[in-house]
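Both complexes shown next keep chain A, but they swap its partner, so chain B is in the first and chain C is in the second.
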Partner chain A sequence: MLEVIKLHKSFKKKEVLKNVSLEFKNGIYGLLGPNGAGKTTLIRCMVNLYDLNSGSIEYCGSSINGNNDLLSNIGYLPQKFGLFKELTVYENLKYFCILKKIYKSRMDDEIKNCLISVNLEDRISHKVSSLSGGMIRRLGIAQAILGHPKIIIFDEPTAGLDPEERIRFKNIVAQINKDRIIIISTHIVEDVEASCNKIIIMNEGRVLKYGSSEEIKSEANGKVYEVEKNLNADEYWYVEKSFSRNEKTFMRILSNKKENLKSLEPTIEDGYMCIVKGI
Partner chain B sequence: MNGLIKNNLKLFFKTKYLLFSFLLFIAIINIFLAAEFYNYLIHEDILYYLGESQRLGIVYFVFFVFISYEYCVKNKNDNLLESISVTSNGKFFFYISKLITLVIIILIMTLNIMIYNYAVYFLKEINLWSFVKHIFLNNLLNIFLVSLTGICIGTMAALKLKRFKAYFLIILLTILISPIIEFVPYILFMGFGINIYPLMNILDILPPNLNWVSESLYGLSIEPYRWNLIIFWICLLSSAILLNVSSKKIKLINYISYILVILSIYNFYSYMNSGSIVKKDYNPINFTAFDELYYSNEVQREEKANFTIDSYDMKIKIDRQLKNYVTITLNETDVLKGYKFTLYRNYDIKEILDKDNNPLEFKRHGDYIDVYNPADEKLETIQIEYSGYSPVFYSNLQGVLLPGCFPYYPIEGYRRMYLKEQSSYIPIIRDYTVKFNISVESALDIYSNLKNEGKRYYGEAQAATLMGGFINEKKYEDVTFYGLSLEELPKENNLLRIDEILNQYKSVLFKDQYTNFKDMKIFQSTITLSSKLTDNGIVSFQDHILTYDLSEECLVQGFAQKNIPYDVNKLKVKKEFFDYILHKERFINISKSELENNMIYKFRRLFLEKINELGEDYVIKKTYYYLTDENDTRDSELFIRNLN
Partner chain C sequence: MDIRLIYYDFKNLKTYFYVPIFIIYLFIPVLSIGMVKMYGVENSKIMIFKEVEKFIPIISMWWTTFIFREYIEGDGNELLYCINKTGKIKSFQIFIIFLCYVLHVGILFLVGNIFWDNILFEFIKTVVQCFFFTSAIYVLIYTLKSTTISFMILLIYALFSLFINSKISQVISIFGNGDILIMNIISTKSLKILFVSTILFIIGVYKNKVFY
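Moving on to the complex of A and B:
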């Protein structure tokens, strides 16, 4: 079990994480929050890139801070990911195998298996510079899962990817899910909806909600309405989106006041917005 | 780590602009070395070739700063570092393996230069193990360590700075380190009296003296202070790199970083206490400027001592500088209240004791010492302990140039030792002999005019000359020649026919006594000695001679001068006299207009007029008697005008 206990992190005077406490067991976790919510800072604390101001992060009861054995159990795909463009796919992964201290005798099999997992086995001898953005991201996933880490953390893994690659990502995650903690940080709600067992919603350095997708959805029960656009907007409404139907424009709104309007079934996105906006 | 290094090498050579830069660098280096090799085949000066090759230090520095910056910053820009940093000590191993990769490239490129140097060495066939070592140490210091410093700077810049700032720093450092900036401190010092040399010297990691004529006894500068300076920078920068690339929690790396900081402080302290160095620049504390500026004031005195010296017992230790513990046995006719000595001013006296080890009061004013006798009896013995160095007459781990005519040990009386009109040192030669017993502790083989048993030098002589470095001993019948190992002697060895040569001048130059060759020692002067001593560095003692080469003219003057007491007032006549005898054709063939209009020939004109007027034989004979007569105190001009 991975535990984040009363974590505080500041950069100079700016407090970025405020008393964050979380628990992760095997499964897939979605870390949702708007830009600047503190997701990346939390992740960087978890992978030991940042020192903590206070609190601790423990894996199976041991602090992860400076513990090389525990750190070798973490696979990480950062938000901005690059590789040695001049080297081949194989050479790049070999480089990571060495850094992750994977035995030489196991390296080739490990590389092959990881590439199969991300559907890049046919590109093994290709130079990285010849791969597309989506392929590079998949290669990033491959380097993260090298050495069978017990914890895998993806920071904004689908940012900038086309729909096909995003689906592929979800499939990969579903495939590598066994006996591991997988944390996916994103601000795209769809990414976590189907695949995550638990969702953590963060904003302004705090954890606002920790629960299953149903629990997140339930936060918006009775708060989602559809109204025509020409109706005078109430100041308590939060307009999620506008859309057209039968040559009329409608709005999907959130409101914590009981409205005499057409009520809608909440989605996880509605739940997320209610939590973040305090509706 | 091996795997990482292999992949890093692959990465280096697969990155187009790094590979292109590297190939360009190899091409420039090899074209330069090959061109110099061609020059070597013409002039065959092995030390010059080594010096030229060491000039490449600046090219290596610039290349490795640039390449290490680009190589390290590249992956930072590729957003690779974050995922690497997450692996156990990943960032540390990543950077260290990169540094090792660059060090491997430096090693290859240092070997590149060494191959040329050793090729030249084998062509020269000098079989001098100390020079083999010298080549290695020069390349290690001036190429390998300079490049390593470049790598440390480049890596630090990659870790800490954005491209614009990094390139600004690289360019600035290159300018500050390179010799092109030398004129700035000189102008500031000469023009405004502002001395920024100490600041500039801290960045002075490149080999000095390369634009000056090389010192064959000494080789190129590889003194300990240069190692200290470069190790100071490497330790300081590498500790900063380690602290930057490793997690603060890795105690071992923290300890290594602290050790590196301590090492850098120690090396900086040692650098500040550099001792004797040979740095031929215009810095007021280096080389000839040190004395030229000092003696430009009226600081010199002349006073005969009212005692003589019976013997010197010296315990000399030469490491970074000279340390001497000398016991002087005096010969006093009366009880004296004070004893006057001359000892070069940059030797600091620690203490002066009497024969019972009681401290004696003394006063130091420049080169002169007054030792006071508190008792009403003769002192008989004085013990003096001192240490220091001369920037010109060096004594350190690399070379020893202590001619007996330079007061590196106390000489009785006040003596003038510098002729500011000629910017030359005046040889101090006493007219009697004293007993010497010297033990020398030095890493070098020291050669002396005295008899030698292991590290002990003893015998009776006017002075004790000590020389060490690239020098070797050769016997030619009765004459022992201490020649500079790196300088080639002419094919026809004049020492083998010295008797025949001197015989030609017997009637003119050797008054009553003909010179005795038995146990005569000849030391080949270095360029420093020959250019900074009067008489072109030809100094003659009864038992040994210092001369810059073995030409007929130098040998004749060297042997003939033995019978001529040294007198500064007679220098002008002496010069014309020897020039006339030894280079007669050249002497008389100066064009008339030159002779009449050029001020430097003013005295020569007078001399020639007397020859034309009174006849050659008469003038030469009279001049020789004038030069050899100690009691004739007329100066040169008065003598020549009185000649009739």
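Moving on to the complex of A and C:
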């Protein structure tokens, strides 16, 4: 079990993480929040990139801070990945095998298995610079799963990917999730909806909600309405989106006041917006 | 820190790897042969070392600059600092790159030793100058978080010291500008440069530590 205990992190006077406490057991976790919510900072604390101001991060009861054995159990894919573009895919992964101190005799098998997992085995001798953006991201996933880490953290893994690559990413995650903690940080709600067992919603350095997708959805129960656009907007309404139907324009709104309007089934996105906007 | 990583770091440089090799094994020998032909073996010695000084120390930061482009500006560079705790400080990598360069410079001086006597002092002076540039680039890349700007700053410093004849340039210059080297110069000027370089290297380690 991975535990984040009363974590505080500041950069000079700016407090980025405020008393964050979380628990992760085997499964897939979605870390949702708007830009600047503190997701990347939390992840960077988890991978020991940042020193903590206070609190601790423990895996099976031991602090991960400076513990190389525990750190080697964490696979990490940063927001951007594109290192060593002049090396081949094989050499690139070998570099990470050396960094992760994987035994020389196991390296080739590890690399092959990881490339099969991400469907890049036919590109093993290609230069990284010749790969497409989606393939480079898959190579990033391959380096994250090298050495069978017990914890895998993906930071904004689908940002900038086309729909096909996003589906492929979800399939890879579904394939590799056995006996592991997988944390996916994103601000794209639909990415976590399909694949995550638990969702953590963060904003302004705090954890606002921790629960299943049903629990997140239930936050918007009785708060989602559809109205015609020519109706005068109430100041309490939060307009999620506008759309056209039968040559009329409608709005999907969130409101915590009981409205005499057409009520809608909430989605996870509605729940997320209610939590983040405090509706 | 595994030495195999440096092999891949060098491999990733592609054609950039060959620039110092070209300077050391082709440009400087050709330049030296030309001067020897013009002025004779003994008369050309000081002039050759004066010219060598314009290239060898500056080029010592070439490999460091281009290898560390990945570590400083590469997409996902944080991976190179978080996989294991000991991998965060890159001073050993910097030192190995410096040693590789010194090895090549050593070969050049070894060949020079066939033609001229007592070039050991020149070699020591050059190694100290190379160490200065290596340490300075180490500090600058981790302070400015840009390898290009760091390289340009040191290049401007070198050009200013070598080609601008002013009181300031004489004070801050680490170059000998054709001085005949004797033990006294080595034990004063070079020792001072070595001291400053060591301080810079230590600052570089600190800046590296707080980079993430």
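Assume the second predicted complex is superposed on the first by the 279 of 279 C-alpha atoms of A that agree within 3 Å, B and C clash if a C-alpha of one lies under 4 Å from a C-alpha of the other, contacts with A are read in each partner's own complex, and residues count from 1 in each chain.
As a convention for this text, contacts are C-beta pairs under 8 Å (C-beta built on N, C-alpha and C of every residue); 3 or more make two chains touch, one makes a residue touch a chain.
Being a predicted model, the structure only gives us computed values, none of them experimental.
K.L.:
For the three-chain model obtained by superposing on chain A, do chain B and chain C clash or fit?
P.N.:
clash
K.L.:
Looking at the overlay, what does A:Leu49 touch: chain B (first), chain C (second), both, or neither?
P.N.:
After superposition on chain A, A:Leu49 lies in contact with both partners, chain B and chain C.
K.L.:
Let me test your reading of the model: by the given contact rule, A:Asn68 touches which partner, first (chain B), second (chain C), both or neither?
P.N.:
Both partners, chain B and chain C.
K.L.:
Figure out whether A:Lys100 sits in contact with chain B (first) or chain C (second), or with both, or with neither.
P.N.:
Once the two structures are laid over each other on A, A:Lys100 reaches both partners.
K.L.:
Considering only the touch criterion stated at the top, classify A:Gly82 as touching first (chain B), second (chain C), both, or neither.
P.N.:
Both partners, chain B and chain C.
K.L.:
Which of the two partners, first being chain B and second being chain C, lies in contact with A:Glu91: first, second, both, or neither?
P.N.:
In the superposition, A:Glu91 contacts both chain B and chain C.
K.L.:
Check the residue A:Lys258 against both partner chains and state whether it touches chain B (first), chain C (second), both, or neither.
P.N.:
In the superposition, A:Lys258 contacts neither chain B nor chain C.
K.L.:
Determine where on chain A the residues touched by chain B overlap those touched by chain C, and list them.
P.N.:
47-49, 66, 68, 71-72, 76-78, 80-87, 91, 94-96, 98-101, 140, 143
K.L.:
Enumerate the contact residues on chain A facing chain C in the complex.
P.N.:
Those residues of chain A that touch chain C are 44, 47-50, 66-68, 71-72, 76-87, 91, 94-96, 98-101, 140, 143.
K.L.:
Could you list, by residue number, the parts of chain C that touch chain A in their complex?
P.N.:
For chain C paired with chain A, touching residues are 2, 4-5, 8, 11-14, 70, 74-87, 212.
K.L.:
Can you list the residues on chain A that touch chain B in the complex?
P.N.:
Per the stated touch rule, the residues are 47-49, 51, 65-66, 68-69, 71-72, 74, 76-78, 80-87, 91, 94-96, 98-101, 104, 140, 143-144.
K.L.:
Would you pull the chain B residues touching chain A in the complex into a rising list?
P.N.:
3-4, 7, 10-11, 14-15, 75, 77-80, 82-90, 93-94, 247-250
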